[in-house]
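Below, each structure is written out as structure tokens.
Okay, so subunit A shows up in both of these, paired with subunit B first and subunit C after.
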Partner chain A sequence: MLLAQLLVSGIQTGLLYALTAAGFALIFGATRIFHFAHGAAYALAGYGFVFAVRAGWSWPLAALLATVLAVGFGLFMDAFVYRPIQRHTGSFFTVFVAAFGVVIVVQSGIEIGFGRAFVAVTSSLTRASAVLPGLYLARAFWIALGAAAVLFGALGLFLARTRTGIALRALAENPDLLRAYGLSARRLSALAFALGSALAVPGAVLGAATTGLSPSVASHVMLVSLAASVVGGIGSLRGAAAGGLVLGVAENLVVSVLDTQWSEAAGFVVLFAFILFRPRGIFGAALAR
Partner chain B sequence: MIERRMLLRAGLGAAAGGLALGRARAEAEPYVLGTLFPMAGPNAEYGTIFTEGAQLALTHITADKLLSRPVVLKAEDSQGTPQGGAVGMSKLVNVDHALYVLIGFTGVSKAAAPIGTRAKVVMVNGGGVGPDLAGLSPYYWNVIPLASAEVSRIAPFLVAKGWKRVALIYMDDPFGNGLRKSMQSDLPKAGGEIAGLFAITPAEQQFSALAAKVRDARPDAVYFASYGAQQAQIIKQLRDNGIDQQLVTYSGALIPSVRSLPQAEGLIFTVQTAPWSATDPVTKRFLADWQATHKDLPSVYHQNYYNAVRLFGLLAHGLEQQGKPVDGDSLRAELMRVRRFALVGGEGTFDDLGDLSVPIDIETLKGGQPVKLD
Partner chain C sequence: MTAYLLNLAQLAAIFGLLAASLNVLVGYGGIFSVAHAVFFGFGAYAGAQIALNVAPDVLLVSAAGGLVAGVLSLALALPALRVRGEYFVVASLGLQMVATTAFTEAEPVTGGLGGLVGIPPPQLLGLSLASPWAFLAVCLAALFGGLAVMRLLMRGSFGRSLMALRDSESAAEAFGKNVALLKTLAVALGCAIAGVAGGLFALQMAFVNVESFTLDQSVLVLAMVIVGGAGTLAGPLVGTLLLLLLPAALSFLPGIPPTEIGAVQQAIYGLAMTLLMIFRPAGLAGRAQGKR
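Entry: the complex of A and B
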């Protein structure tokens, strides 16, 4: 039963990773911007949610505030950080350093506003109970599963079936051609940032309720998002989702045979294995040399 | 024509003037105290607490005009890691020329101690509890009881309560491994047994798999040895994942993020005896001034770092009175000569290793407040 318990825990962890990584993948896939500050969107959404719940707001309203904060942050980054950089140098390194700086500013802001301590939202939704002898499940598991299914389904439909969605996918391929068709690359880029940042919200909200948050959470989230994106295939949305799930399950299952401290390392062993043996990831396209 | 005698007189005058100027400059130069605490990252909460205690002591030393020279605090961020500790200590020693450094965390201390020892800089620990910190260096002193003492205190208590099988979750670092060794030695001696050993890393944030493993070990109680924000995450996730056994830990859990956590209700921990009912003037002044500013009781960490800075004030005052220089060697000699000091909590006595002996209580959290059990 230990194995079943670890698998269930791994799926729950993996679903949260998948949602967060999908946001990063959507932004990178559409704009080719290495949005290192995606973890800061997660942190802002999580802390916004905690703030609202502590202020007595209902969970849906608090989640709405978290979404506004995450989306607002994504749009801000696109308009006031990445776009001015791209107008001048546009180099990967400049973008990375700028995003890294913003992460530090956000972390410091959270430390000033909330203190440096751990924060969490207490809810009966995260309290597991035995569904079978030795197998414990919390209602948060079903919420994570439902949120992931609905959001990935809706996003898949949006990207595949709507003109805006198709244009978003085309943005990464040929922005000049988009302009020739009368579409605005700037608006589509903003849309990618808004949608990608919004995808961090379910993970942040459930993270605030299950694992809790600390001001330095942004770096950890970004590390997981990046690893999931590489495992799934850089820029691929379904790849990031699959990568997140693989990492979450690997981190949990490994402790059935190894010591618990190897849990996090297992995810990175998976990452290295993909880099060495399948660098294009699960769903990534093979690159011509 | 300038005579030889005139030249000699002028030279002597210039030399005397130079000496006087040098002495005046030395007198004006402040004593530099360093702090090597985690000020960012998941353990930053400790840095804030440690610094608050030190600052209050500094205010009192200044108000009392205890020393002839001003005292300044120079802060370095250890990040709670050995690497951060080594880098920070090098800067405090070589750039800031600190002669007395307040330090916390076991890994940080073990990395910084050789650097401080080479430069003969006194290091005083009021937060790290790894058993290896006893006798780490002649210049490294502890004003906090170490984890080995805390484990010796809790092991018989756990067995007496009927919690004989104890699962141990410990940080895989010098602090956690030291504590594990103490538990492996003391628990069987008291009649208990280790139900399972579970190592964790400082960066770990997901503990659902750990909870599954702990549950599988079927312990009577779960003892965890972590620090910082991670402690609250461990408690919350163990409870959320169906671990209903008694949770037990050491004094590191006495931070706001743990105390305010609903799942931490009933947590049992060891901690040095809080002396707030003591009637000696040092404790009364510390408590009154602390409460006037913070409207709450101080923690033992506030007390420890207050004592660490006060100890410097008392030692340097003694040296100044004797006309001796204030440096690492003279401070150590003065500590060994005097041994007993009026500190917060009453008169404290230092042993040959430079460690202060402090009694330990067993307490539990009720409504976020520590309540004495034993």
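Entry: the complex of A and C
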């Protein structure tokens, strides 16, 4: 039963990774910007939530604040960091270093404001009930499952059915043609950043309510969403979702064989294997060399 | 005060060598590794083990550090041959995370979180280098020796081929350059020199633990190269001096509680990285960049 229990908690972690990674993939797919600072949106949302709950706000209001922070951060990065860089060189490494700088700033800002220790909000979400003898499910699991199902469904419909969603996909395919049709690539890329950053919020809120947050969560989430995107195939939403699940499950299952310290490393061993043997990921198209 | 300054100067020389070695990968080879602290660590652990179990001889320790790091650099060369650009950055991030865990867990070799303590004072061919001036001279010799080797190689056929590869891999391949060999050699060279720096670091600190070889350290070294100017000889040195002197300068500033200095310093160099990339992507020592 230990294995089943680990699998279940792996799925819970994996679903939240999947949502965060899908946000990253959405941004990369539409704008071709490798948004290394995506984890900072997660951290800002999580800490914003903790701050608001501690200040006595109700949970929905606090979640709203978290969303505003994440979306605001995404829009800020698009307008004031990525766009100026793309105006002059746009080499991916310049983008990477700039984004990494922002992650460091956010991380140390959080350290100054909240201290280095874990913070969390107390909740009943982690209270588990037995569904089978020996198999416990916390309420957080159902919330993660529900949030993932609703958001992925909505996102799929949005991208497939609405004019704006189709325009977002067109931006990825051919920005010039998009402009010829009179659509604003700039506004669409801002939209991609807003939506993508908002997808980090459920993970951040649930993280704050279950495992707790620490300042280094920004780089951890960044690594996880990068890894999930690579494992799934960069730029593919489905791939990022699958990759997130795979990583979450791998992190938890490895505990049954090795010490818990290895659980984070396990995800990266999976990543490394994919890079060496199948760099285009599960769903990705063949890489142009 | 003199002791403090000497200590800082030794560290500056060691980190200058480390940053210069990363510059071979990043600046000349276009191989954007965020795992350089791993090879610094391999060198430091190998050097520390030699110093503890064989002899704390500077030559022996740095040779061991360089050799171990150079051989293990294959772990970085393999993904570098398979993927480029963003994918490679992600792969090296992965390597860094796995290595950090491995350093923490492999207690028989690395001492785990506690680290390896009691590394004896350095010697050179039987002469004691316990005086900080003597060890500073050794560090500076290593720094300038390393810089001379790198300058020679980067000016020559190897460096030119490497830069051609950085600017356009397919063009370099079309000109008959052996891309796989060049990349592997560049990675091995950069990592081996990082290993030498690691060996010196172990002797300098007389103590090594995993804290010095984490992602934060990799990013710090990367920031040194980037802030100074990648692909230039002086750039990494300028960056090293700036980033090493920053915490020292900050501790003299009034109004910052001592417990927050680390965080403030991090925030400043993060901000510096971002602003530089927006306004001067070639770094402080780099040429003001036109179209590449």
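Keep this in mind: the second predicted complex is superposed on the first by the 282 of 289 C-alpha atoms of A that agree within 3 Å, B and C clash if a C-alpha of one lies under 4 Å from a C-alpha of the other, contacts with A are read in each partner's own complex, and residues count from 1 in each chain.
Basically, contacts are C-beta pairs under 8 Å (C-beta built on N, C-alpha and C of every residue); 3 or more make two chains touch, one makes a residue touch a chain.
All values reported here derive from a predicted model rather than from experimental measurement.
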| item | value |
| --- | --- |
| Simultaneous placement of subunit C and subunit B on subunit A, clash or fit | clash |
| Subunit B versus subunit C as contact partner of A:I275, first or second or both or neither | second |
| Touching partner for A:Y136 - first (subunit B), second (subunit C), both, neither | first |
| Which of subunit B and subunit C A:Q5 touches, first, second, both or neither | first |
| Which superposed partner A:E264 touches (first subunit B, second subunit C, both, neither) | both |
| Partner chain in contact with A:I85 - subunit B first, subunit C second, else both or neither | second |
| Which of subunit B and subunit C A:E111 touches, first, second, both or neither | both |
| Residue range of subunit B overlapping subunit C upon superposition on chain A, of 3-11, 21-29, 111-119 or 291-299 | 111-119 |
| Residues on subunit A lying within both footprints (that of subunit B and that of subunit C) | 111, 259, 261, 264 |
| Of all residues in subunit A, those that touch subunit C in their complex | 34, 81, 84-85, 88-89, 91-105, 107-109, 111-112, 219, 223, 226-227, 230, 234, 259, 261-262, 264-265, 268-269, 271-272, 275-276, 279, 287, 289 |
| Of all residues in subunit B, those that touch subunit A in their complex | 40-42, 44-45, 47-48, 169, 172, 198-201, 203-213, 215-216, 229-230, 232-233, 236-237, 239-242, 255-257, 260-263 |
| Contacting residues of subunit A [partner subunit B, same complex] | 2, 5-6, 9-10, 12-13, 111, 115-120, 122, 126-130, 134, 136, 138, 210-212, 214-217, 220, 251-252, 255, 259-261, 263-264 |
| Contacting residues of subunit C [partner subunit A, same complex] | 26, 32, 78-79, 82-87, 89-91, 93-95, 97-98, 100-102, 104-105, 169-170, 215, 219, 222-223, 226, 260, 262-264, 266-267, 269-275, 277-278, 281, 289, 292 |
